[in-house]
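Sharing a structure here in structure tokens format.
A, B, C and D label the chains in the order they appear, each numbered from 1.
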Amino acid sequence: MFKDLFRSKPKYVTVRPHRQPETSEKKEIPGGLWIKCDKCNNILYKKDLEKSFSVCPKCGFHFVITAKKRIQQLTDEGSFKEMDADLKTSDPLEFPQYLEKLEKYQEETEMKDAIVTGKATIAGRKTVIAVIDFNFMRGSMNTVVGEKIVRAFEVAIKEKLPVVVISGGGGGARMQEGVFSLMQMARTCQAADKHSKAGLLYIAVLTQATMGGVYASFASQADIILAEPGALIGFAGPRIIEQTMKQSLPAGFQTAEYVHNHGHIDHIVARPFLKETLTHLIDWHAR
Amino acid sequence: MGNTIILEYEKPIIELEKRIEELKVFARERNLDLSDEIGTLQIRCDKLKREIYSSLNSWQRIQLVRHPQRPTALELIDLIFDDFFELHGDRLYGEDSAMVGGIGLFNGQPVTIIAPQKGRDTKENIERNFGLPHPEGYRKAIRLMRQAEKFGRPVVTLVDVVGAYPGIAAEERGQGPAIAEAITVMGSLQVPTVAIITGEGGSGGALALAMGNRVLMLENAYYSVISPESASIILYRNDQYAKEAAEALKISSRDLLEMQIIDEIIPEPLGGAHKDPKQMANLIKEALDRNLTILKGLSKKELAEARYERFKIYGTINGTN
Amino acid sequence: MFKDLFRSKPKYVTVRPHRQPETSEKKEIPGGLWIKCDKCNNILYKKDLEKSFSVCPKCGFHFVITAKKRIQQLTDEGSFKEMDADLKTSDPLEFPQYLEKLEKYQEETEMKDAIVTGKATIAGRKTVIAVIDFNFMRGSMNTVVGEKIVRAFEVAIKEKLPVVVISGGGGGARMQEGVFSLMQMARTCQAADKHSKAGLLYIAVLTQATMGGVYASFASQADIILAEPGALIGFAGPRIIEQTMKQSLPAGFQTAEYVHNHGHIDHIVARPFLKETLTHLIDWHAR
Amino acid sequence: MGNTIILEYEKPIIELEKRIEELKVFARERNLDLSDEIGTLQIRCDKLKREIYSSLNSWQRIQLVRHPQRPTALELIDLIFDDFFELHGDRLYGEDSAMVGGIGLFNGQPVTIIAPQKGRDTKENIERNFGLPHPEGYRKAIRLMRQAEKFGRPVVTLVDVVGAYPGIAAEERGQGPAIAEAITVMGSLQVPTVAIITGEGGSGGALALAMGNRVLMLENAYYSVISPESASIILYRNDQYAKEAAEALKISSRDLLEMQIIDEIIPEPLGGAHKDPKQMANLIKEALDRNLTILKGLSKKELAEARYERFKIYGTINGTN
């Protein structure tokens, strides 16, 4: 039974905060077969890590994973159909060096921007899914991310489908698209609201890290908000707060557990249980 | 202008004004008729003012809207509206005096007014938390927006806010979700909404109150996803390039009008709103009246739909799809 | 201009808390012409007090006033038409000694129970008004109070009128009608909600004291909540809290000013300004 | 029954059971056949149990529902529902573990479940604040009620709460308004609502979750505007007359059914729910199923209207008007 899943608390739940997420490549050990855990510093065999959903078997640390891998983990095999894959920003401010930077990331990640959206089935149920990829400019929100989120909600409204968003961006709104990035907070909130008023289900999964303009818009407006253990979640970055407050931050500040204890997250779900959780929730909301 | 605080770029004007004043005193003392010369200088000075004030760069305009004598929200409310009754509290946790709201009369019509509020002096600024709202401020705003919707009142916001307060307690009480909720609620209201960015339009903390059917902006105001200082730190590793960042970010009213982020620029009195708050208020009144009239014909549903479409345009990804 | 009223802060606003309200008779000086102020202990000439809206001219203390006097102060002369004046409780629990107690109060106050409701005009605008009278069993809520509040809202819905409630009860729900008093919390909330969903205005004025079941139902559900300076407002009584917490209460705890600072009251309005305030608010909501 | 805590009125039963046990040991040791005598005593004992447990007075029933082994909300949820996913937090200020809520399956149908939660032992009770919710608990409940309404799910509440927590912080964060809001929201939901008072139905803190289209009550539960102890203090100046107050206040399920405050009594296993939680859960399941079925035919509007009418009857002022 589903509820039994949560009865024996998985050890992942006790994960401690982890302040400075890095892209996963940084920690690779030369040779490519091994990787060092960000948190416990144990050397892990990469194939083992893959099998454990990229969760450290020693300490439960949730590694940042790509959008592609996330979709593999959550959707039924072969069911995912990507939408709007070719959308690229028009660099609306003609911001210095921005296009060069984008090209570098596009090459590295083989993505056009920081988000993948599409339709898929989760345990047989049709769902629209949007996954932000931290590896592309720290998953920051620009016109492409905003537009693809809006389109995802609009498709879901049209076809009466639930939406699952996996939000993990470091920097919130992307500076290089300036006020256009800001406007995506407006648009994504409005689209999520329209979807909600159509009586449809929206589940947000907050992963490492969900900050700034992403958290202060669509990511916190879901019917049900799940979070991965240890994920960093908040509006203002910890450094800004430390500077403003001129005092040190409480232990575990802005971790999923901390934010949960302050009433903003429905349930913390370790990655191995995420698909089953989504399955049940989507199932219970199917009409 | 006695106690007026002088900004860097105003110094040539002040210098010239001082010379003219000296010349007047000299003429009077010596009983000389220098009225022609003084007149010419006066014309020269007016020209200089127009030149300087109209060619301010983004960074200079930021200095201008941060001027300690720039009229605050409550001062503008007092000048723009015939009447105002303040409503306090979020009905949940607290009263946030960095966000004011209430019902006022505009040309005889009741409207709901919401605005972040800065202080005038140190004491007031401490009371008002330097105009940086906590989640309670945004939740008060949400409450008043819903109240306005219930009674079919237009919502007018005056936005001058560096941003939402970044602090431990603000995070704990959900600064992010509170802003998101305000964006969502104002973004879907079935009453006319007019947002006027009057000074600093700082990121999400400003956007939460700027979901207008019409978004207006005072000439010297700015509206940005990030403060130029912070952008400078990210781009150049120190805050010395705020001027360059301000230009790159295109945050001036003229840039924003060109990019269709705002619908209209409200001109300011020469030298900025603080030089003549009354005139400033009259200019705002004229624009507000015109824009509320534009929205009058729309039904409840049309107002919400028009707002959705208004913001939808920022998704246009030129050149692809 | 209305806003100027509030510009020069009236001195009444600085009134300090006053914990144990008593019925006004208690403080009368023999002879009947003089009365002692509950707060500053000054001896006041009763006719002067009357002229100052029963607000102490020395310290601004707001005396408890009867429903009748309140209606006089707030409504246009001669416009008040009482509703349901004859409603009496049926003593649903047949509670020991209750009827005797009621009779004593009925004699003393010349009222059937602790509330007066009716229709009146306020500056020419038709309004439904309900006033709880502290002098009748400390203004506690029983079936009569509940029923008359519900009928007031229902009349207002039918005739599309605003409702003004002046709530001042000491004890919340009335014990002697047990669970029937509790049910009035349910009913008054539902009636206020129905009125609200009809798009109509409801203003509550919280006076000395608004506690327990009254505060935890219709009194806190208004569109606009005003309060008189110094009024005691809360859910649990201060003594219960002190017993539970085993620590002393903060200064000014549960005063209108304290509750206002915690976000639960729109505006504190001294009694002399109350009619003008209601006039404007009703006017601005007239359609 | 080894570790079971024994209540005062149970002592004769326990005594008799002990005697029977002794007699059995005696018969075994002496190798005597006393089965007839033991059988008679057993029958006598069962009769005594039925007599005692069925004639409990209100005060004794209060002792019973305060029994530390009475099943808590989460234990009942586990036994009644096929599945349960807990949803935490009020999305405003905090997570109140004295109030649990979530989505569960009841006979295959998703329902929203909300319940105050007491602890089992001292540690748990401290965690759960002795089952006394703060405003956050009620605001969590409100949030989940609205969520249920959005998705057309019935709301089922299990109510066992002494009352809302009386404390400084609870007052500051609006305990009164939070309860009022919960009453209002549950009172007007356009989905079926079934409230089950499972233990203590303490005043406004219980009513906030008891705005059911159907209000059911376990046999031994009570529901009152005031605790009998407090009533005793008010009436007699000390808490020694709680027993009398309990009777006068008519707070037992039988009184409340007669007065139409509740719609149905759910019988408890002999001696109370804690003697057989599984049987208790089955009895609740049967009643819940039947009552949800009754409500199935009603439209959204009818559900809200029926609830309004349901509570309207308590305004009948007999004998006048």
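Convention: a contact is a pair of C-beta atoms (placed from the backbone, for glycine too) under 8 Å apart; a residue touches a chain by one contact, two chains touch by 3 or more.
Here the structure is a predicted model, which is why all the values come from computation and not from measurement.
**Q** By that same contact rule, can you tell me which chains touch subunit B and subunit C alike?
**A** D
**Q** Centroid of subunit A to centroid of subunit D, CA atoms only: how many Å?
**A** Here subunit A and subunit D have centroids separated by 41 Å.
**Q** CA centre of subunit C versus CA centre of subunit D: separation in Å?
**A** 34
**Q** Taking the mean of the CA coordinates per chain, how far is subunit B from subunit D in Å?
**A** Each chain reduced to its C-alpha mean, subunit B and subunit D end up 55 Å apart.
**Q** What positions in subunit A touch 2 or more of the other chains?
**A** Residue numbers touching two or more other chains: 262-264.
**Q** Pull out every residue in subunit B that's touching 2 or more other chains.
**A** 91-93, 173-174, 177
**Q** What is the shape of the graph in which nodes denote protein chains and edges denote touching chain pairs (line, ring, star, complete, other)?
**A** Graph shape here is other: it fits none of the named patterns.
**Q** Kindly provide every pair of chains that touch.
**A** A-B, A-D, B-C, B-D, C-D
**Q** Looking at the complex, which residues from subunit A come into contact with subunit B?
**A** Going through subunit A, the ones touching subunit B are 84, 86-90, 92-93, 95-96, 143-144, 146-147, 150, 173, 175, 177-187, 189-190, 192-194, 197, 212-213, 215-221, 234-237, 240-241, 244-245, 249-250, 253-254, 262-264.
**Q** Which stretch or stretches of subunit D touch subunit C in the complex?
**A** For subunit D paired with subunit C, touching residues are 164-168, 170-177, 179-181, 183-184, 187-188, 203-204, 207, 211, 223-226, 231, 234, 248-251, 256, 259, 261, 307-308, 311-312, 314-321.
**Q** Quick check on the complex: what are the subunit C residues that touch subunit B?
**A** By the definition above, subunit C touches subunit B via 1-3, 6, 196, 199, 201, 223-224, 260-267, 277, 280-281, 284-285.
**Q** If we count contacts the way the header does, which residues on subunit D are in touch with subunit A in the complex?
**A** Residues in contact with subunit A: 78, 82-96, 103, 105, 110, 136, 140, 147, 150-152.
**Q** Quick one: which bits of subunit D touch subunit B in the complex? Just the residue numbers, please.
**A** Against subunit B, subunit D makes touches at 91-93, 139, 173-174, 177.
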